[in-house]
Structure formats: structure tokens, C-alpha cells
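Shared between the two complexes below is chain A, which has chain B as its partner in the first and chain C in the second.
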Partner chain A sequence: MHNTLNRFQSVFGFFTTVAFVLGCFIAATDFYAERAPSGTLKVSNLQVVKGRPHYYSSVQEEYAIIKFSLDADLSHLFTWNTKQVFVYVTAEWPAPKSGVNATNEAVIWDSIITNPSADHLKNIGPATMKKLKKSAQGKTIAPDRGILSLRNQRPKYQITHPSRKIADTENVKLKLHYNVQPWFGLLTWNQNQDIGFWKAIKGGVSAPFSLPSIKKKN
Partner chain B sequence: MLSMLQKPRQAAAQVLNFALILSSAFMMWKGLSVISDSPSPIVVVLSGSMEPAFQRGDLLFLWNRNLLQDTSVGEVVVYNVKDKDIPIVHRVVRKYGEGEDAKLLTKGDNNPSDDTELYARGQDYLVRKDIIGSVVGYIPFVGYVTILLSEHPWLKTVMLGVMGLFAILQRE
Partner chain C sequence: MAEELLDQVRDLVDGVIDFDGQRRAEVFATLLLAVSGLLAFNVGYTKQDILLALYIGGAGTLLTFLVVVPPWPFYNRNPVKWLPAGSRAASTG
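Let's turn to the complex of A and B:
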């Protein structure tokens, strides 16, 4: 009954159980860490241009280029179980035809903010990596990375609509979102109402605006 | 091995025990599948396109019910492309419309461009039924053994050999 294999099996089995239970405890601490994120979003420049989806395409589409300014405080989201925070800004607008109760939503900008404990996993060049690691000054948790301040930021993605038309769209809003990726446990997003210690984002929505007509060539 | 033939009652008990382990594992898998409404409630990450969030070998738990809201922008979903059997884990970045027919576009966080190139010919967007679940839970690294086994088939042979050897050498 007590040969090497049995001993190895029971040690390994016990190890996995202990590791799993410990992981669950760590994941549960997330719920006791306060989250009070806030953000201010402002549109700074709007432009709609014509273009093609890719080089070899003959299709003409309209693209909206929405420049914006963002001030956000997401510092609470960085805890010992945070691997990265994925911050993204979406543009949201209702269906063009009245009577169709549907919304359209598209990401115009996003950013991966790693906790220093996950810096080494980031896919960046060696020089940028050195700078990033230096910025943490040996800390494993860096709440100050959650303070964002962007001025007249160019969007990463120029958005369009399946109908290929987006000029003159009315009632467009920008919204700030985040997704916390843990080292172990549940993935969490910004919520619409307060849940326990987690508060909904204060602000984080821009004033509604309309997209301009296509820029005419002179 | 010879001792097994001499003690048929004990041998039968061992076979039954083994079958019990297999069937309960299968029941748990299928039970989880029913609860989450996903054909594959746990998946192993196979590519680095969602790095640094997910590395190869990480284990993801999926949820495929829309109890409170539609599958929306920002969720990390696992989808199957038509006629291809490889599940892909990427984030929804655009959504046009609502409900079953909403057009969804996905992108890997670590990829420079969206997934239009990965979709089937003539397919520009995903719909809800292409998605087999949204990622809700995460355990690092545990699934790496399945990647090792599928990429180095000789490991299976070695494992079976070692297990067989132990079975023969093992004495009560």
C-alpha cells in the first residue's frame, strides 16, 4: 500500500488541493478591496473621411476619427491579484432608423496597463521594457499607473458601420470601460451599479455629439 | 499481474474503481457544460494573441448564458470559425445591432489588427451562435500538460509505458 508511487500521488494530490484553495482565498480578497474608479471624457476633434478597408479592396467606406481627452483614476483596480487592467473607450450610438431599438458600439481606443508583477509578460521591445520596469521602482503593485491623463488623443481604431456610412450620425457618446484581469480567479468589468465595495464609474461618459459630414476636398 | 489473476475479486474492484473515476470526471464535465450552456465550459489557451492576459496553457472557464445582458463589447469570447475546428479566444471590439443577429467583430489584445482575416471567406462579422462562451474565470498554467501531450505525441507513449511498468512492478 505504501510504495513510492502511492506516496508521490498523495503528496501531489495534496499539493494541488492546497494550491487551489489558497488561490481561491486570494481571488476572494478581490471582493474586499475597494474600487472607486472615476473618469472624465471629452471629445476634442471630429472628422469623417472616406477610405478602403484594406489596400486591395475597391469598396469605399466612411470612417470616423474621434479625438478625445481622458482623465481617469483607476488606481483602486491595482491590487496584489491584479495582472493587468485593460482600459478601453467605446463610441456608442443608436440605430439610424427610428423604430429600430438597437445600439451600435465600437472600441476606438484601448490600452493594456500591467501591474509590475506582470511587466515581464508584456509584448514590447527591450528598451521600452527596461523603461517600464524602471518606472515601477521595484514595487509589485503600482496604483499610480491607474491615473490616466490623455490630451487630444488620436483614436487607435477608425470606426465605421456595416452599412459603410457613418457621417452625420447623431447622438454618439463616448464611454470609459475597464476589465481587470486577475492572476487567479474571476475576470471583472466596470459595473453599472455599486456592488459591495465596488463602486460604479463616476462620470466616464461624454456629452452626446453628432459626427460631421464627410470632409470635402478643396 | 499474475497476482491479479489469482485474486479476481480484487481485480474487479480495481476495474470498477477506475471506471468510477472516469465516469465521475465525465459527469462533472457534462454537468458544468449544462450549467454554463457551453459545449466546452473549460478551455486551454493555445496562442499568445491575448498576452499578457492569457499565456499558452492557461485555463479559462466559460459562461454562455445571457441572463442579464447580451454578449457585449469588451467581453473576451471563445468562438469557432465556420468549417474550422480551432476555438479562438479574443475580445469583442465592435457590436452592431442587438440580440441573436447582432454583428460582432473580435480582436486579440496582442494583435495589431482585428480578426476579419481569421474569419471564413465572405464572413465579415460573427453572430451570437458562433460564440461558445465568454471567459469569466481564470487559472494560470494548469492546462499546459494538454499542450505538451498534443504537441509531443511520444510523451503519451512514455506515460502509458511508465504506468504499465508500475502496474506490473507494483506488489501488495
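Let's turn to the complex of A and C:
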């Protein structure tokens, strides 16, 4: 501490320690915040069509287009340490061969929900950005953004299978997933059992359904 | 003339403080940084505002740098009292 450079180094060194400990404290508050998400998923329309994976491809694959309705309450996931929440819906179905312990899983829809503290990071146009920022004016967290209500939502992604066949698949279920991205701390996904204050998603799985046969052209 | 000026510049850049000042600077740095960190956490958590925590922590750190790094006069209030330089040699020489 005897000269300027020495003092600068000492202060900066201890600052990094304080910043790290502060970050650990903030990360630890996540474990004391209750998470009780719930969701209801319903299939509203099913369709299987033939298509090409890309324009110049000569092979044809079967694609399933699954429209769905989603009611979800993810408001608990928004705390002061939440940067953004990634919500996604997957379709899951067991492998057709018996004895093969494998599950097919494909994402059909997803969305990024930001907390107001991370609104500026969202990749949207200036007008939409203004609207988004205005929607949370004066609020530091926005739990209301975690309440989703989608009706007859078109999937973002049409899904297929490496075998190129997906029509008539049985026992398909839609499942709701989320991923909480904090400012400090652990990246967490939805869990299947309760862990401390974090409860498993209530519902969040649709009733099993079968994909239809390919729509025939007349 | 130039030498005197250079001496002054060197003193300013070096910013040497006395022993008592060093102890004080150490205490200030530790206390200010730790308190600003704790304040940042508590205010941020009660207000549920991570940005506020960031700003409080940043402001506290900046303040600490301002208080501790420059050689303020109150770090030089207890200079070491040396014996007169070469007093015996001067008398005999």
C-alpha cells in the first residue's frame, strides 16, 4: 500500500473477490425462490405432408405439422436474477421396435421471454423494442410475461425422422419444457421431480395421440 | 530547475504515503468494498432489481478507488522521524 500503483493493485484485487462473492450470493438466492410452474398442452390440428428437406433435394421426406394450444403459468421463473426464460414444446414418441429403449424427441415450437433487465438484448426491430420496453416500464421483473396462452398455434418447426417416415406414428405426446437463464449462477431446466423449493411442472404433457396418414393429393 | 520539476512529477506519480497511512488505506479499501458489496446485495434483493445491485456495487468500487488510490494528505500525517542524516560523519568529517 506504499505507492499509487500498489494501492491500485490491492483495491482491484479485492474488488474481484467482492464481485465474485456478490455473484455467488445472487446465484444462491435462486434456491430460495419458489418455482411452481404449470401448463396444459392440447393438440388442435394434425397433418402429415411430403416435402423436400431443401429446395434442390431429390428425396422426399414426411413432415408432421402439429398445431397446438398451450396454457402455461411460468411466472415463478421470473426473479431478480432471471435474464431470460427459454420455453419450448417437444413432441415425443417411443421407438417402434420393442426392446429398444429409445425415445424420439423433436422441438416443434420455442420462444424467448426476457426479463425487463435483459430487454435490450433481444434481437427485434426498434418499434417492437420500444413496445417491449414500454410494456415493463417501471417494473424490474415481469412475472406476467410468464403467463402464456396460445390458441391453435402453428408449429415453428415441422418435424421428421431420420428414417424419413413419420406418418401413422403412435403414442406421440407433446411436452412443455423451459430453461431459465440467470444473470449469475446455474443454467437450469425443468426437472422431473421436486428439488427443494423448485417443483416439477404441473401438467405440461398432452394426451397421447397418433399422427395421421399422409394427406393424399387428389 | 528541471530536476526539481522532475522530482515533483515523480513524487506525484509514486504517491508514497507513510506507514500509518498505509494501514489506514488498507482498512478503508477492505471496509468500503465489503460494505458496498453487502449493500448492493441487500438493496438489490429487497427491491428485486439486479441493475440497482450492479450500480451500487460499481459506485462503491469507484468511491473506493477515489479514496484509496491517490496519495491524499491524510495518509501523510505521521511521517517517520529519522535521525539527522550522517550527523556523526558530518561532525567528525
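The working rule: the second predicted complex is superposed on the first by the 217 of 218 C-alpha atoms of A that agree within 3 Å, B and C clash if a C-alpha of one lies under 4 Å from a C-alpha of the other, contacts with A are read in each partner's own complex, and residues count from 1 in each chain.
Definition applied: contacts are C-beta pairs under 8 Å (C-beta built on N, C-alpha and C of every residue); 3 or more make two chains touch, one makes a residue touch a chain.
Since the model is a prediction, treat every value here as computed from it, not as a measurement.
S.K.: Between chain B and chain C, positioned on chain A by superposition, is the outcome a clash or a fit?
M.R.: fit
S.K.: Going by the contact rule set out at the top, does A:His161 touch chain B (first), chain C (second), both, or neither?
M.R.: first
S.K.: Identify the partner contact of A:Phe31: answer first if only chain B is touched, second if only chain C is, both if each is, neither if none is.
M.R.: The answer is neither, since A:Phe31 touches no partner chain.
S.K.: When the two structures are overlaid on chain A, which partner does A:Ala106 contact: first (chain B), second (chain C), both, or neither?
M.R.: The answer is first: A:Ala106 touches chain B but not chain C.
S.K.: Which of the two partners, first being chain B and second being chain C, lies in contact with A:Trp183: first, second, both, or neither?
M.R.: After superposing on A, A:Trp183 lies in contact with both chain B and chain C.
S.K.: For chain A, which side has the bigger count of touched residues, chain B or chain C?
M.R.: The partner with more contacted residues on chain A is B.
S.K.: Contact-wise, after the overlay, does A:Asn3 reach chain B, chain C, both or neither (first, second, both, neither)?
M.R.: both
S.K.: Which partner chains sit in contact with A:Ser117 here, chain B, chain C, both or neither? Use first/second/both/neither.
M.R.: After superposition on chain A, A:Ser117 lies in contact with chain C alone.
S.K.: Looking at the superposed set of three chains, what is the minimum CA distance between chain B and chain C in Å?
M.R.: Distance of closest C-alpha approach: 10 Å.
S.K.: If you lay the two complexes on top of each other, which residues of chain A touch chain B in one and chain C in the other?
M.R.: 1, 3, 183
S.K.: Help me check something: in the complex, which residues belonging to chain A touch chain B?
M.R.: 1, 3, 5, 23, 53, 83-84, 86, 88, 90, 95, 101-107, 110, 112, 114, 118, 121-123, 157, 159, 161-162, 177, 179, 181-187, 189
S.K.: Considering the complex alone, what residue numbers of chain C touch chain A?
M.R.: Per the touch definition, chain C meets chain A at residues 13-17, 22-23, 25-26, 29-30, 33-34, 36-37, 40-41, 44-45, 47-53, 57, 61, 64-65, 68-71.
S.K.: Sort out for me which residues of chain A touch chain C in the complex.
M.R.: That would be residues 1-4, 7-8, 10-11, 14-15, 18-19, 21-22, 25-26, 29, 79-81, 117, 140-141, 183 of chain A.
S.K.: Mind pulling up the chain B residues that touch chain A in the complex?
M.R.: 48, 51-53, 55, 72-76, 91, 93-98, 102-103, 109-110, 116, 124-125, 135-140, 166, 170-172
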